[in-house]
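Quick heads-up: structures coming right below.
Each of the two complexes below includes chain A, the first together with chain B, the second together with chain C.
Take a look at the complex of A and B:
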């Protein structure tokens, strides 16, 4: 035991005394490799279990398989791992912005197991979000192990995320961009290099272990100028589909929460529904990478009408899986729905204008994917770079940018918050660095409070009080009850000026007669946002903080401005 | 120089809680000494100028000096001295005669001081009534090393254009190297002069030691 301890201490000190950036690069690549391994493990196990279950698909009772998977997954999360259901990305974003990326170690495997059960049994969900959750938890715990601070921990969380995405899609730049665009929300020089290295490490891990199973083989497409106009129309279609998808997902979650069923009961209902849909339309089952592959390579053989129905079947199945207690993400469903949309669009285009000389079906499947990713996640760069890396060239960049920007702008117009952020915004937990909400959440009441005020008794004669004013420079005097020290009110110098300048009043009044008892008070439990609202509504420049009837101190607006500015500088310019 | 968390919280005028949070978030240039966090002044200065943060690394000695410079009125009277039987018959000649007697000022500056006092009297008489005047210049006197209050008793009461038009026979020359000191002495002095017993005592032309003693007693009751 002592050998391990010594070894740990040496390694720790060696690492800690390295240059900050070097340390982050080394730790980041470790995080990237680990999260890459997690992604590969999930993919391999999904692959094998789907293959094994394929043999049972033709039985009539097969529709309950997804139900069993969802049931086991929800029971596992609820009883054993004790974590909430859902895809986990909002939790990671919130943890990054609020707790410096602190995540439980348990999160690094719990979502993997839960989503393996859900998706492996045929539930319609994506393995990316669980892998992101586990990658970021690995990064976070690595930082904890090394004793790093919040800023460094956030970078490592980003590294884990990037490694996971890069490994699953064999697309390092997409991993980097996703991590920065969606998870961290800020482009900082110090973050980019470690995250880029982690992304490459993650991609290398998957290439080394499963080279033949890389989801998207590099494939070049011939895209010409005549594709611009069709891609404009496709962008509008994908934006609409994105909005429908987001709305159905959220609506389903609300309906499920309203039902009085226990979590496992909901999971059974959701799983059975997906199973029944899957009986008629196997394309909705699982994460659907195989179907995406065949659509890109143009070997997908279904009639236009069936594919059109499949788009909505997939949307519904995903909403049933995720909303009713299954576990998984929306990345893969987005890709599948996007490629289905692209293929439908291509087929319709050729049906209407057989003479049009535009690119192949596969290219449109890719454009559709970009449209869905940009629309649902409102992460246009992730969409663009993922497809650029999949095609391995920049030939398609122009239509990609067109689709991505139009789709994200349109869906942003209809649905201002992306699927990942909406939950956070509703809970008031969307705190990007350098924003007002973030500063107010970081500054707490204890940091703002001015203490050391001279207190006065309510039975004090005014003349005595005048002597106290002469001696001190404070503008507020809390008034307390004799004996019990209970807070009674506050005297503001500006409010009593006319009495203070009239010596005739000095022996005539007691402080209890001139103190302000109606002034609102805050407590230490209030957060700064509430206190500021209170001050704004009542037009106050200062507010007393009272806890258990004891006066603690005062919060002054001038002081808030001072600290707010410091905090803003700290958050935006200090690395 | 090394600073502790508490020192830095004073320099940045934030609470120590904030400094601890910034440390946790990794925003400050810090090193560890045992279990405690420490900051190098030079590193902090570099960091602050890079990020446009105002860092007030205060000079502790300067603060203490400022506190020391407040001296009680009785000491100022000891510095200034008490002078009796000055002969004069109008404002200017009173000022001239008194200045000549006051020993704490070098002769080189007396001309300048006289001009300043006359100028102040022209603006508004310093005769505060009841036969007492407090002549003083408006600006601080940089050539003085310590504040002084000189008490001068005239042989005969003279018309000083005082606020209550009574002739003046007692003058407090209030001379101070800083304005802060000046205001402090003026405030204590006017407090003393409001005391009816004290003014009667003054009219008896007490000897310097008794005067200083009386002032000491009075300023204890009003410790500004």
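Take a look at the complex of A and C:
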């Protein structure tokens, strides 16, 4: 036993005395491999179950299959895993911005199982968000196991995310960019290398285990200058579709929450609806990778009208799945809706201008995918790099940038918050590093309180008070009740000048008569933002903190500024 | 002193016993009880090193309409100002984040298992995790309301035991109740423990506040437990070291919690107590 203990101590000591970056690289690659494995496991299991259920899809009762999957998924999440609902990505962003990336261990597997049940049965959702949740939780719990600090933990959360995305799409750069652009929100040198290595590790895991099952095969496209103008038009269309998709998703969620049905009941309704739509339009079922691949390779053989209807059917089916109790993400639906939009646009373009010398249908499917990702997630770089990696070359980079930038800008103009951020912004919990809100949320109100204030009794006569003033440089004096120490009010030096200049009043006035009892007070329960708002509204430079009727201390604006600067320097420094 | 104790209210007769215990504890040490009436069957506590999800058993959601009224009645009965906690942040819509800015937390032996399972020797997995990561002491109540008239600290010489001793002294100072220290001599002699508290600068408060320091042979550990007054608050450290720390809170702690019926005040490995 003692040998094991000594060995454990030696390894622990050596590991923790490594260079910080080296430690993060090692831990990050472990997180990347683990999240890559999680992504591969989900993909393989989804493929198996979708293939198995495919044989039953032609039966009349097949519409209940997605309902059964959604029912099992909701019951699993609610009764067994006991996770709060949600598709995961906002939860990861929330945890990164508020709690140093702390995530529950159960999140590393619960969403995988729930989304397997939802998507495997035909629910319209993507496996990426659950895999991101899983990878992030793996990174977070690895950091906990290694006893790392908040900054290191956040990096490992990013590593888990990058590994998961890289593995599922075999696209390491897209994994890196998604992790930094969407999850962490800051490009820091110390983050980039471990996350890049984790992304590569995740992609390698996928290639090693399922080399023949790359989601989208690399393909070259001939794109010329004549594609620029159509790309501009496509960008506008994808921006509109992005806004519609975001609004429908949120609206459906709200409608479902208003209903008095239990989660499992809602999941059945959502699943049945998707199943019914899927009977007539199988493109809406599942994650839809197979259809995307056929659109990229130009073998998708539906008419323009059917594809146009399919765009909206997919939007509705995804909203019914995710809003009504199913589990999964919006990444794959974005790709499918985007590629359908691109194909419709290409067909319409060639219908109107048969002689136009544009790129192939597959290229426009890719451009549509970029437009949707950039519009819905408002993450233009993720959209560009994902498609560049999928195509395996930079031939399409110019139209990609055009579509991505215009789509994200337009959708941002119409809908300022992306789907991932909207809910957090509404709750006031979207706290990106280096922003005011984040810095203020990181400051603890307890460390701002100046407790060294002399308190005075309400029964003190003014003459005694004058003696106290002489020996102190305070501008505020909290007044308390004798015996109980209960806070009664405050005396501000500037407000008692008239009494101080009249010595005849010194023995006639008690402090209870001149104290300010209406001055606003803060409590330890208040956030710093709330305290600052109170001070701003009432034009105060300092505020008393009172808890359970006891005076705790005062918060001064100068102290807030000092600590704000310290925190800002810490958050924006290289290390 | 402006200490606050968080109590998760259960609107059942069993919950009333637990709450009475919280109120008694607060009244005795002049702390303020803050009641959280859960609206969902789970909540999250973000400690510095872990996010602990506390899954509550369904009895915590019994008769929500009367919960606040019942809690207020009990507050008034003891003569304490009612204070309720409302979560401000939510990880998910049905998953509130409960603040960890409290000085004590009151728990029955289990919060996620059915109360019929609660008995000696059983401390639920969620309560164990909270003890492990909490930065404040946890009050584990006896199944029925049991006022305590003295404080018994189990002092085994470890870092957590020193914390427990400090906590015991703090409680004794605040309550004015007598403090007894119990030590089972393991590898060391009596003088070792006395030297240890001298090093920690606790000799003076121990001399001033403790009524008696009892030393027992290791083999008499069970006898020591029997000698502890049945109506005392037991203060002890949950060791939580080593590879099996997730499973066990420390062998002595497990033995104590499965033997005595007293109220237990436990300090975990991340709990720092200053006098």
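Definition applied: the second predicted complex is superposed on the first by the 564 of 575 C-alpha atoms of A that agree within 3 Å, B and C clash if a C-alpha of one lies under 4 Å from a C-alpha of the other, contacts with A are read in each partner's own complex, and residues count from 1 in each chain.
Definition applied: contacts are C-beta pairs under 8 Å (C-beta built on N, C-alpha and C of every residue); 3 or more make two chains touch, one makes a residue touch a chain.
Not measured: the values here are computed from a predicted model.
Peer 1: Report clash or fit for the pair chain B and chain C bound to chain A in the combined superposed model.
Peer 2: Result for chain B and chain C: fit.
Peer 1: Of the partners chain B and chain C, which touch A:455 in the superposed model: first, second, both, neither?
Peer 2: After superposing on A, A:455 lies clear of both chain B and chain C.
Peer 1: Classify the contacts of A:82 with the two partner chains as first (chain B alone), second (chain C alone), both, or neither.
Peer 2: After superposition on chain A, A:82 lies in contact with chain C alone.
Peer 1: For A:251, using the defined touch cut-off, is the partner it touches chain B, chain C, both, or neither? Pick first, second, both or neither.
Peer 2: A:251 sits against neither chain B nor chain C.
Peer 1: Which partner chains sit in contact with A:569 here, chain B, chain C, both or neither? Use first/second/both/neither.
Peer 2: first
Peer 1: Residues of chain A touched by chain B versus by chain C: which partner has the larger set?
Peer 2: Residues of chain A touched, chain B against chain C: more for C.
Peer 1: I want to verify one number. Taking the Cα centroids, what angle sits at chain A between chain B and chain C, in steps of 10 degrees?
Peer 2: It works out to roughly 60 degrees.
Peer 1: Touching A:527 in the superposition: chain B (first), chain C (second), both, neither?
Peer 2: The second partner, chain C, only.
Peer 1: Could you state the shortest Cα distance, in Å, between chain B and chain C after the structures are superposed?
Peer 2: Here the least C-alpha separation of chain B and chain C stands at 7 Å.
Peer 1: Touching chain B in one complex and chain C in the other: list those residues of chain A.
Peer 2: 446
Peer 1: Of all residues in chain C, which touch chain A in the complex?
Peer 2: Touch list, chain C to chain A: 2, 4, 32, 41-42, 44, 46, 49-51, 53, 55, 81, 83, 88-95, 99, 101, 243.
Peer 1: Could you please specify the touching residues of chain A with respect to chain C in the complex?
Peer 2: It is residues 8, 82-86, 91, 94-95, 98-99, 102-104, 106, 144, 147, 257, 427, 429, 446, 524-525, 527, 547-548, 550, 552 of chain A that touch chain C.
Peer 1: Could you pull out which chain B residues touch chain A in their complex?
Peer 2: For chain B paired with chain A, touching residues are 12-15, 17-18, 21-27, 51-53, 224.
Peer 1: Which residues, counting only chain A, touch chain B once they are in their complex?
Peer 2: Residue list for chain A touching chain B: 100, 148-152, 442-444, 446-449, 470-471, 562-563, 566, 569-570, 573-574.
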